[in-house]
């Protein structure tokens, strides 16, 4: 029997459960030269807002032990150009396209979401309520239960597409946010966005990032991400896309065992733009080596004895 | 892509040269760069990111040479590589120096590719600061190989004598090489941009059409752009920036557009820019 | 002029601002073989409770990228043996001794604290309300504003010693916890304890830690710790002891620039038990190289332009 | 402490031997261990922690030998070290095998140090699984050096032939060496504990006073403790545990006390324990 790693998340059927995380694969063009998009489960594109934005002034990134800080600040070409100029390119690939959206007001979120109704080639929306780098786009919503509720409710009311809410790890109790999203009709959750961090240049005494603080990603945060995925999976029934520091197929397996139905590869794309393909191959090999036929045979199977 | 280290040796002081052989032959334009991951083993994640290095030159067998200065943990690790070790690399990346601007004197082609204006040059000035000399040797070779017999003048600056690299090679191939050091240990004492300034005051770039190619620390590039702002000099600068990916994914490596309409990505739109387009 | 790095935190005058973090230097005996305790600013001893406890069953630790997870679970010899058997040893050194305390109830905290009144050789108390590894001792208090308030109030009422509250990073808004502690009369704050994390063995499908989850420490968390120290320093006037991933003097300088009045070295002691001494030497050299005479000349001096 | 690598070479398969020279001479008891930090450079933090290794032996010049199996990223990095490189090490650490239990036959001393009971042994049995052989050669040397002429019998087991190390050296110095492999590629097919069982059934440890020293995977040690539970056998086991510090600071390396009164620290109270004291 052929090993089957196809899956269905939030009503979106995927060839495999390995996705490209938002903000780490652009709108697909540059990464497609190194990574065959026909082979990944889905591409989650860089955040899209109503109007074009330029992002933060430099310096936008800095390396930290086993991680990196970014304060890109959500540059985007705006929903109209995205649909006109980028979706046609993405449609050429036999993969799923999930559009990450953000807004400065709750109405914005609803408005951007509604623009994708009926747009061919877009399979779902990932709602970013957790970007730590811009005052408007996200974290203020993602760290407040009531604001989260309103964003999800509004987006839910504005779109017929599956919606995936991207949660912030910068909260005391991520499970409560997950439950609110589930109550308001979210189809799935992405866990986690970046942890808020900071670094200071001891030569210049300035923050290393133009934005002072930034989002920490990469292997450094993997233990925190995995813990949160596990907590969220124990709290809700809707599927969870796990992310945070996944570099190898072994890392991905940890997230599946913790309960994730899919995973997204972020920072690893920067080190190796074909990382997701290697993870897919490694995942197949992992299952085959254990005589397992289906990815569902490992999902949520972590052996905990309370 | 994995590539095998062919040799790695100290040039002088903290400067090293690494030669590696990519598994497949790649075509290179002077000014392009590679990303090299310098982790001690694949499974390790510190340092996490690859590091960008200009391609110094490509040998006939397709092997690629970079020269680098040890400044931090990545370059420190790099300096410990030995023949037979493997590196992860990606490249060539980015846009190199525009060579179309220097047609051979016999060529009927006088129109430039950039913005439609003529980019024909009578004279080429190269300004390099420290390790910024890395891409310049192959640039000059490419100019020479194109059949152009322009006058090529090189300004090479460093803090001290030990920061001046490739001096003999440059002398062989350029018409003139001006050396400067901040401490006066070699060449003219002072900044390389002071020497450039003197040269420009002496009429260069006034009557003749001049192209300046430069690579080095950002303050040096800034100064060069100020000095060469007038019309008959085309100035190309190769920028440095913190890079996570080198291939347009992270949007981290930005430089401001001159027209205030946003940012360029240094890795995708550069690292070589026309000085008129950017605000450094 | 001689470079002066002596300091005063919470009324405790220290030879230098570099301390050994709680739980990473035991009660001083083992580390004293490698690290001259007469030279460190202070030793913050492993957590002490009313009654002896054994801690968690193994496996208690696992390594992660640039970090480690621990679920030691606060083994301790109990306040009475500590005072009888351990304080006399610590008293032999010309350093400051700060006792880290925890309890399962608010009353416990008050009771343990009161036992140290008049105990010679104890210079202050660090109150752990943030241990992620035991149900009783800490994090439930440290992630709830009202519980934090009550613990601090109770301990404040029970002791004449300076009290330093150790904050949890596993909260949405650490500044609000800092303010509550300040209001209730805390003399200083320790920022941060470990981040809650998890790791799964993909061979056995079991959590790598016996306790399932554990606390993440080491360089991996430094950017998060630094950001929180900076936020707390901007929120309160009482001094802050910064910690989280400090390995070199350069790391320590980042925390001083962010506003910390002192730093504590934790996980780094495991790699190099003399790390704190090297940090002290490096700190002196850093100041001297810049012609600075006093550690106060770098505290809070990060150049941020809002 | 920094120590210079004297040599590092593959013994067989994934097993290596590293010899390094500490800056100051240290005294070693067989069974003690060292912590070695195997990071590629001081400034790097992955892998973060030092790794524990039994001391294999100490040469006359004071250099220390360890033998190790490449199992993960730390030992992988270790295997890439070359002569002249430096490592960070701490040691010797922990308590070695109690040697006082085997006084030379001429010695009037018959009382043991542990718990006051007599630990005099007529016979020594050594059981090692795989890399667990590491401390055993120097243990036997120490027994011999103490003048004791006990009968020393070694049981050495591994998955396959390639997991049996130091066989020739052991044969030279022990009275008998029994080899076992799970796959039957060398010696008796089966577990090393099966061979030990057969031996014990044949009367060993019944009439004579026997001391068993063992080192290897935890399931092997568990089985040995079961087999040797009766009174006239003293069994010492060298335990493995995940360790962060190796010196009693982290309290991570615990093993349960037999009397249920809590935990021992493997690094401080061990790694060698009297089987009667612990619950593995």
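What to note about this one:
Order of writing sets the chain letters: A, B, C and D. Residues in each chain are counted from 1.
Note that in this section a residue touches a chain if its C-beta (ideal position, glycine included) is under 8 Å from a C-beta of that chain, and two chains touch if they have at least 3 such contacts.
Please read all numbers here as calculations on a predicted model, not as lab measurements.
Graph distance from chain A to chain C, where chains that touch are one step apart, equals 1. Taking each chain's centre as the average of its CA atoms, chain A and chain B sit 37 Å apart.
Chain A and chain D have centres, each the mean of its CA atoms, that are 48 Å apart. For chain C, the set of residues touching two or more other chains reads 65-67, 218-220. Each of the following residues of chain B touches two or more other chains: 43, 45-47.
Taken as a contact graph, the chains are fully connected, with every chain touching every other chain. On chain A, the positions that touch chain C within their shared complex are 64-67, 69, 143, 170-173, 195-200, 202, 204-207, 212-213, 216, 218-224, 226-227, 230, 245, 250, 253-254, 257-258, 286, 298, 301-304. Of all residues in chain D, those touching chain C in their complex are 37, 43, 45-50, 88, 90, 241-245, 247-256, 262-263, 268.
Chain A meets chain D in the complex at residues 65-66, 219.
Of all residues in chain D, those touching chain B in their complex are 40-41, 43-47, 73, 76-77, 80. In the complex of the two chains, the chain C residues touching chain D come out as 23-26, 29-31, 33-34, 46, 54-55, 57-63, 65-68, 70, 72, 75, 218-220, 247-248, 267, 269-273.
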